Amino acid sequence: MDFKEICRRLSQLPTEGLYQNDFFLTWDKSLEELEAIDQVADAMRALREANKSCRIFDSGLGISLFRDNSTRTRFSYASACNLLGLEVQDLDEKKSQLSHGETVRETANMISFMADVIGIRDDMYIGKGHTYQKNVAAYVQEGYEDGILEQRPTLVNLQCDIDHPTQIMADTLHVMHTFGGAEALKGKKIAMTWAYSPSYGKPLSVPQGAVGLLTRYGADVSLAYPEGYDIMEDVLELGKKQAKASGGSLTVTHSMEEAFADADVVYPKSWAPFAAMEERTELYAQGDQKGIDELEQRLLANNAKFKNWTCSEEMMKKTKDGKALYLHCLPADISGVSCAEGEVDASVFDRYRVPLYKQASFKPYIIAAMIFLQKVKDPAAKLEELWQRDLPRWSK
Amino acid sequence: MDFKEICRRLSQLPTEGLYQNDFFLTWDKSLEELEAIDQVADAMRALREANKSCRIFDSGLGISLFRDNSTRTRFSYASACNLLGLEVQDLDEKKSQLSHGETVRETANMISFMADVIGIRDDMYIGKGHTYQKNVAAYVQEGYEDGILEQRPTLVNLQCDIDHPTQIMADTLHVMHTFGGAEALKGKKIAMTWAYSPSYGKPLSVPQGAVGLLTRYGADVSLAYPEGYDIMEDVLELGKKQAKASGGSLTVTHSMEEAFADADVVYPKSWAPFAAMEERTELYAQGDQKGIDELEQRLLANNAKFKNWTCSEEMMKKTKDGKALYLHCLPADISGVSCAEGEVDASVFDRYRVPLYKQASFKPYIIAAMIFLQKVKDPAAKLEELWQRDLPRWSK
Amino acid sequence: MDFKEICRRLSQLPTEGLYQNDFFLTWDKSLEELEAIDQVADAMRALREANKSCRIFDSGLGISLFRDNSTRTRFSYASACNLLGLEVQDLDEKKSQLSHGETVRETANMISFMADVIGIRDDMYIGKGHTYQKNVAAYVQEGYEDGILEQRPTLVNLQCDIDHPTQIMADTLHVMHTFGGAEALKGKKIAMTWAYSPSYGKPLSVPQGAVGLLTRYGADVSLAYPEGYDIMEDVLELGKKQAKASGGSLTVTHSMEEAFADADVVYPKSWAPFAAMEERTELYAQGDQKGIDELEQRLLANNAKFKNWTCSEEMMKKTKDGKALYLHCLPADISGVSCAEGEVDASVFDRYRVPLYKQASFKPYIIAAMIFLQKVKDPAAKLEELWQRDLPRWSK
């Protein structure tokens, strides 16, 4: 889309609610606010492609806190911060004194004296990650009001136990670009399905994020998983309500075939049963290693019953013209490549490699757009200004 | 204070001795030099609050070397470097080849080809940290004179076995702001007291730093600890001499009550006996793990005799109007919060949380000011220039 | 040399082949291309010494991937990136999801959405490091062509199993500066010799790099090692061919004395036999820990037979006027300092400490020059522009 057109559209959207505010869950935001993020993401890509600097910070820090290993999200966050002029400072809990009796309230303030953004990935324990992020945000707000912090750093959820907004918004923007805009999602069948993986305990934030976001665009979302692999009840209810309001639908099925049948988009990936993750969280809290090991064995054994839940060539044939858009948040468990039997056939994965990598390329821009809208009051005017400023990012 | 007023005052202070020089110990510097650091710290905060960039480096590196875990000091140093335009590059001894027979002289040169500042935290072993810092400084000076280094990186002591200058200067600046300037410290009673903690072996650099700095402002410093918990003899002697010269006093007592009585400021925190730390250093040098374990048990048992050395509500009532300013370098061992019995009652800590966090907020500015004065020849003129330049830090 | 003179000379050299291209091995490049890198390295040092900013990036990322511990190369790369305006983002394989079934192709793309340069050190396993780097480069090229990546990050070899170009080019530039230019190497005798070290398994990339580069300048290169400590056959053959073409020579000898006799330059350092490294690579691939341990013992025992291969004072006396230029990539195993018996006598090392550290100081500039020439189309004009721009790096 044309840069001028993006700015024109953006100027019509309400962005005050995003300014100086946090991003926890997509459903905290209106559809128009989400569109503003998408527009800014596209605008920043256009600026970068035109070799124009997107820096709005001369100096400043983007704090990152990753409680789980990460390549993609870590690099996406670092890229987004760098694009805007912020330096990433990692809060490595092993190198810090957090074990030394320090409270979340204290850490939140101590890292924020010169912090503009805080990105947190905390998806391991059910009922913990989102709460932790809310607490950090509340404490820095309090610190700002008490005059401890000169600026109030805003928070970006880089994945929690409930939602994975930067992932699912990048995925969705990719779908929109593929089909021709948000409007094009109306009536499209999207299959968010469980798939077999030889590992266990993969986060629920992607399927939950999909249910929480895709149901808002009038799509027919089919959520498929073997019995027992339920997602969070609240998110499911929300999805149903949203689907109804948007003129779409949300169907739950226990047949992968049913979900794939005539689907326009398929998103097959492994996740752990919500109930099992709750149990694991409890066992970790009790330090019950024996219980944890037993749970793992039980889950792996249960997973193995559903090896036929895989995105095979045969399964792909059932989709719309056999050519549904295949999505994955990566890395995927590819049969015969990264494991004996996994989420997807190697030939399917290979055929979709380019669109899959493009899908991933939206994440740094989505994160940059979230931060941009948290930090800039009149985003359309600022984008125009950046375009006119025409400061080369790379002086070739 | 008014920005112009700060610059005017700063222009009257002698800063040549700070320029291109290192910062090891507060008592290496004159009172006027320390005031210059305080003034610049306040000026940089004013610049930042006015959204004016403080960058004096277009590019450059701030090396950090932490030989102990750290959140606050690490983030303070990173914030200070970023504020001035330097990128932090961490010398992680585990990822380096330091074990590979490399000498301090060699490392000091190898990391300094493009380094503007080196910040070192090395507080673990008595007689080691300060010496190590001095050696690094001497080697980069030599490297500069030999034409190996194009610029001579300056050193900032981020904590050593003797002093913790960035901490105690931040603490003191907080006290000055609370009471109305350096002059207001004259005649104030400041209780630097030991307090019980269930951990052992906490560094002596804070009490020593307090004795080494606060005695210079005409305050009545009361150093209190249970018998046996002596600090470094040299620092104590220095403190006595300085107190006399400044018209204040330094009293050693073995009664917390006595120290708290009518105190204007209290700084109760745990530390290890100097003699025990010397012993531990020796045991580590010999690799005597059994001896180290026995020493730990002995120290913990001894600590436990003094659980009544705690900053309780009762103890606070003994202070001036029951309202002394409570200080801590954080994190504190809070009774019933981070441990069963610790340095301070939860209710006392909670009441002082906002001033405590403000106290901590001075540290990044103190570090930035130290670096600024090491790097800028005419600091008053440069600050005026930064104010006039009016380059937005954050382009909102 | 005069800055204008450097730019004039540079404008006569062919640099199109370096632009937007990778740097794997010195022998991939023409002598004139290598001279261009040397000229730019000198120019950037001149700019920095004149306190002129070398930034050509307003924002951007320099990815680093170190598969082995490193101080010098890590800091050199970070310094070079910072000098040009790039922020280093480390791909720490322990913190990433690389074990999680992710392919090299995927990682290469995922880290490159906003990457301008990728620096890789991967020297541990024979037949792996170079191949890995080639693969990464091929995958990002493919990603660029497929429209996944907006820019194609260029690759800098920070050491592989075959060559160590940034090291050997820095070493060679140091030799050129010492003797008065590239021309002065003609007819000089350079002894690249094995030396005893109590450790085993040191990389072959330095001696191979020396053979691959120094033979191109008309020097008489004497490669000396105890029988069995052969380097890669291909590199040796290449060296012979190059020596012949350049009017120099490459002699292999199994006598350190012979190599040192009348040498102008000596580079004594330990390395492992190529065949043993191949064997080790195989054992690692099979996960045969017992075999690895046995190999280590065997290699250490074999090394110990050649303790007399050391750069002693006596040995130095055999060189030209007893004053050959002593080189080492550091850290060296210094007899009586970092080990009982090692590569070099303490008195020899001490006498050459200043030139040795200067030798090391060329590495950040060589890396910066490689990146500069990968990123700038008309380097002579850009250097002139940077000089004229006269933007202070450090606003004193």
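As written, the chain order gives the labels A, B and C, with residue 1 at the start of each chain.
The definition used in the following text is that contacts are C-beta pairs under 8 Å (C-beta built on N, C-alpha and C of every residue); 3 or more make two chains touch, one makes a residue touch a chain.
Model, not experiment: these values are computed from the prediction.
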Same-residue or different-residue interface between chain B and chain C, half as cut-off: different
Equivalent-chain rotation between chain B and chain A, CA atoms, steps of 5 degrees: 120
Centre-of-Cα separation between chain C and chain B, whole angstrom: 41
Sites on chain A at which at least two other chains make contact: 55, 87
Contacting residues of chain C [partner chain B, same complex]: 45, 48-49, 53-55, 66, 69-72, 74-76, 78-79, 82-83, 85, 87-88, 199, 330-334, 337-339, 342, 354, 357-358, 360-361, 364, 391-396
Complex interface listing, chain B residues touching chain C: 55-61, 87, 89, 91, 94-98, 100-103, 106-107, 109-111, 113-114, 116, 143, 146-151, 375-377, 382
